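What follows is chain A paired twice: with chain B in the first complex and chain C in the second.
Now for the complex of A and B:
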């Protein structure tokens, strides 16, 4: 009898302890957030940036809720592989994470968020902009950006330039391909002459593509939709062949301090989407909170990757606490709280529609100018005037 | 016409570089029947050493060759000792071993150099060269092509006109017979791995001056080198050159007249067609001869 009493007591104690941790009472709790991200493989650079932002978000959450709740991050390197991302999500789900923050590339995020949905765990990301991701009817899928936001920025800039013909050079990966098709559709509707050039990420030499653009297309501007190493290849080929264009425009991963520092001769006058100018000055309290937390953990300057990773994690953490306070620490509770989010963050306004997308997301455009990157579009966010016409060779 | 000429010119230049990447793999494959799946990572290691030397000292990356050679040849010889220690099913187990080594090297580079992309800061390599008013290339590409052709020529001469070279060929041809003739096959194999390391170093430094490096690209280089090696015929140096030029030109023409994303498909189609007609590759010996 004594034994039974003791075991009953231990059982109750365990039950209470687990309840505080996972089932969501208003008491002090430790929330485990799961992250799968490419820390190695083809996407290691962007994955590392995203991870640093998420770590910064966790630090800020722990500071915010000090003495009340704690946040813990469990990270698994998905090696840029969809299969490994799914395994990571399943493993983290078995370790009782309350939500996922992370993932990069639509092709990886698709199956990984599917696995999270099956495990009834919410999933927030900024790393995949394919439209289909948010059209699957997943209650717990959220992202703070969208392809349309990047597309709107590129189209807005092109319209402002007043050019009549464009050549689009794009990678055949899912997100870049869809972005290219979006840009093609919108600019064709605007009456521009568009020529499309798809490439594979294994291409070593871009001269043949740029030569085709120079001799056949003769556009007024070139839009590049790809990733860092590919931009460098295209810009090198363009600098060599000197097509008679007025502007070289890229999408993500181009208007960054890193590119300005590593490839100054290739970047001059090149446009790319950016949330903040470079060098950035974090002046508002929200920006300073992020910057100080980032610098306490990492060297160097944060890019848009760190900013997005931070914003999504902080918003998720706040939603988790609200859901926990209501005794609803589950997929529905956290998702409901995330849907109530409407905040002006360091990456712009964030609110989520019925699909989990952020309809307020609009990127800005920066231009490399003598080692700096002022924002040149839209007019409301301008920190400098664009140099137009202007290319790295002219 | 201008487009075709540029496509062929670009393809030939790339072919010279591909040949340089592939010939080290081909040499080891010919001697030991070992496919070194870490070969691309050895090339990449040399490229990163060139980057480290250039970024730390500001000197021309070509001057990093001696340091890179010592390290890469060292890693190549280590790979030899590991594969040579395999007692059973050497051909299969060496595949697994070298694949694993490739992963270790890739992740080692990732840890040391981060996932950032790098390329030479020496402007001289990036400056344009215009041939006959219509053909464009960077100086670095011309240098890489010349180094590739010279390295393949030197290797061909070395294999045919030196004692060590002949020893490697004889071991490659018939290991047991070479042993009966008083040769030490292990020594010949050691030489071939050492020379493969030298060739990987040259390819790596050239890669750094013509392209952008980041940790995951080693595997793609190995695949390209493997295709060229099989296309060439086992251990054939002229075959490597011809095969590499064919791959380079077909990729250039496909990119120009169709789509760049079909370049890989067209080179694989060429590869399969050649193997269908000549199962031993362009310069391989027929079975039974």
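Now for the complex of A and C:
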């Protein structure tokens, strides 16, 4: 009996407390955003960059909606594994996240976003550019970048250089393979002589490929389409064999501050896509907002990974609030609001087409120059002149 | 493990787990993932324990089974449950290419099988028209609705993989109990002696390789429809070999249920406990635990559990 009395008292007290709590914050809400990202495994470096951007996005959202709404981030390390990414999405879905922001590599994003779709939760990313991802008819799949944007940047740079022959070294993953085919098609149309060299992502030694390029192809420039550790391997082999080329051009994951700091001897004069120069000079209010929020949490300078992570999270958060205000805090409501997005962000203009892709996305190109990465293409975004001809070995 | 304990454990897996955790997709998904590892561990232990062959290449059967099933359902409209069986058959057929390696023994056989796994991965990467190449296959059909039950849900998938693993354990049990099983056990101890008394050793090894490949292929096929995605790196990943071996040895690979218990234990403790304690680097704790286990009980976890039961019973009787 005593127990019943005590439990009744506790029940009443909780009821009153909860009642007061709800009446005091009738319109406020706490939105939980889920994130799965590779914080360990082979994609740990890029995953960490993306995560730092997403954390920055959450901070800015909390500052924006202070006193009204709060945002919470729940993160799970997917260990760069598709199965663990799916488990992470399922766990976060069971913890009632309203949306997902994150993921890296198309092979991981594919099954993870499929799981999110099954759970009726929207999913936004910048980490995978495989075309098939946005062609599955998922209402809630969005990405702020696209393969075409990266491809246009590489082609634009090569055309500006005026070289007549190119060797393309590329990984056999879907995103890299498709990008390589795109570059091959476009540059062949431009009348350039192209030689293609596909490699398996497990290759550790690139000397045989580079040697073939040096002795047989003899191109004026080499385009590398792969990921971080692969670029390092190719550049290491190239520095040893010294092919007579005028430029080494990469795509994503290359023009970053981390690469400049960790591999200064390999990166000098190497090109890679980047949205902003490094170290970055933030001048506009939007850029300053991001930079100050980033620096309040993290050491070092943000790269494009942090910028993209931030942009996708902030756009998602704003869409969540708008959907909530309309009483539509669900897959359809949030997706509809994301589709209404049309904004000039620190990563360029973002709007989403019917597949959830951003057709406005165009990358810029930076060049490693003595520990810095000025933007050298397009002319409208230039913060420095390119060193051409220029390679890490001459 | 006696039959009563086995039936009790089975009843818990079929009734207790769905009733207790049916609403929790995450936990059900975790247990299903552990059962996938368990399935490969059983197939591996069957080959190792009965055939006396230590394989480092079960990822090859897993990958072939997965791709066979995925391609048949996506390109030829074969029903998913039929494709699961055909995935197993595809893996069995692939094992024919490995039969020359049966002439080898011990580490030489293990390394040859490992090389086959790598060859199949390269084939899957190069056969772009069929497999999607390095980019892989997205949106592989989920498990279907059958007899009014949606097997495409997490709980449905759990039931399917539980059925597969249970059937595998039962098959293993009957093979072990048969006269073939007796001959195979004798071969494990002394192949020469069994050959002298007229046991067709090579024939029995071939049968065990085909059966083990079928089992692993069926599990691989299930995984393809469960996760809806495949790429060569993932389908033929060394993880599909190493983790089941570790699980089988941890649980006790010479026992019937040891590989299943080992897989459930190490997968779930790693993902549910160690990962929460140490989000990055939790594999370290698992490694230390495995080392400790192998040093303290080389026969695996099951003998420890059995001893505990025996002691408790002994005390009760006293």
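Heads up, the rule we're going with is that the second predicted complex is superposed on the first by the 368 of 394 C-alpha atoms of A that agree within 3 Å, B and C clash if a C-alpha of one lies under 4 Å from a C-alpha of the other, contacts with A are read in each partner's own complex, and residues count from 1 in each chain.
Simple rule for what comes next: a contact is a pair of C-beta atoms (placed from the backbone, for glycine too) under 8 Å apart; a residue touches a chain by one contact, two chains touch by 3 or more.
Being a predicted model, the structure only gives us computed values, none of them experimental.
Model built by superposing both complexes on chain A: chain B and chain C clash.
By the touch criterion defined above, A:236 reaches chain B but does not reach chain C. Applying the stated contact rule after C-alpha superposition, one finds that A:172 touches each of chain B and chain C. After overlaying the two complexes on the shared chain, residue contacts for A:111 are found with chain C alone; chain B is out of touch. Once chain A of one complex is fitted onto chain A of the other, the partner contacts of A:189 are absent, as it touches neither chain B nor chain C.
When the shared chain is aligned, chain C comes close enough to touch A:132, but chain B does not. In the superposition on chain A, contact is made by A:42 with chain B only, not with chain C. With both structures placed on the common chain, the touch criterion links A:265 to chain B but leaves chain C unconnected.
By the touch criterion stated above, A:209 is placed in contact with chain B alone, chain C being left untouched. Applying the stated contact rule after C-alpha superposition, one finds that A:82 touches chain C and leaves chain B untouched. The superposed model shows chain B running into chain C at a single listed stretch; among 60-68, 78-86, 114-122 or 186-194 it is 78-86.
According to the touch criterion, the shared surface of chain A, contacted by chain B in one complex and chain C in the other, consists of residues 40, 172, 200, 202.
Across the complex, chain B is touched by residues 40-42, 44-45, 47-48, 80, 172, 197-200, 202-209, 211-212, 215-216, 228-229, 232-233, 236, 239-241, 258, 262-263, 265 of chain A. If you check the complex, the residues on chain B that touch chain A are 2-3, 6-7, 10, 14, 106-107, 110, 114-119, 123, 126, 128, 136-138, 211-212, 214-216, 220, 252, 255-256, 259-261, 263-264. Chain contact summary for the complex, chain C toward chain A: residues 24-26, 29-30, 33, 122, 125, 132-136, 138-139, 154, 227-229, 231, 233-234, 239, 271, 275, 279-281. Interface residues of chain A, counted against chain C in their complex, comprise 39-40, 76-77, 81-84, 86-87, 90-91, 93-94, 106-107, 110-111, 114, 119, 130, 132-133, 136, 171-175, 177-178, 200-202.
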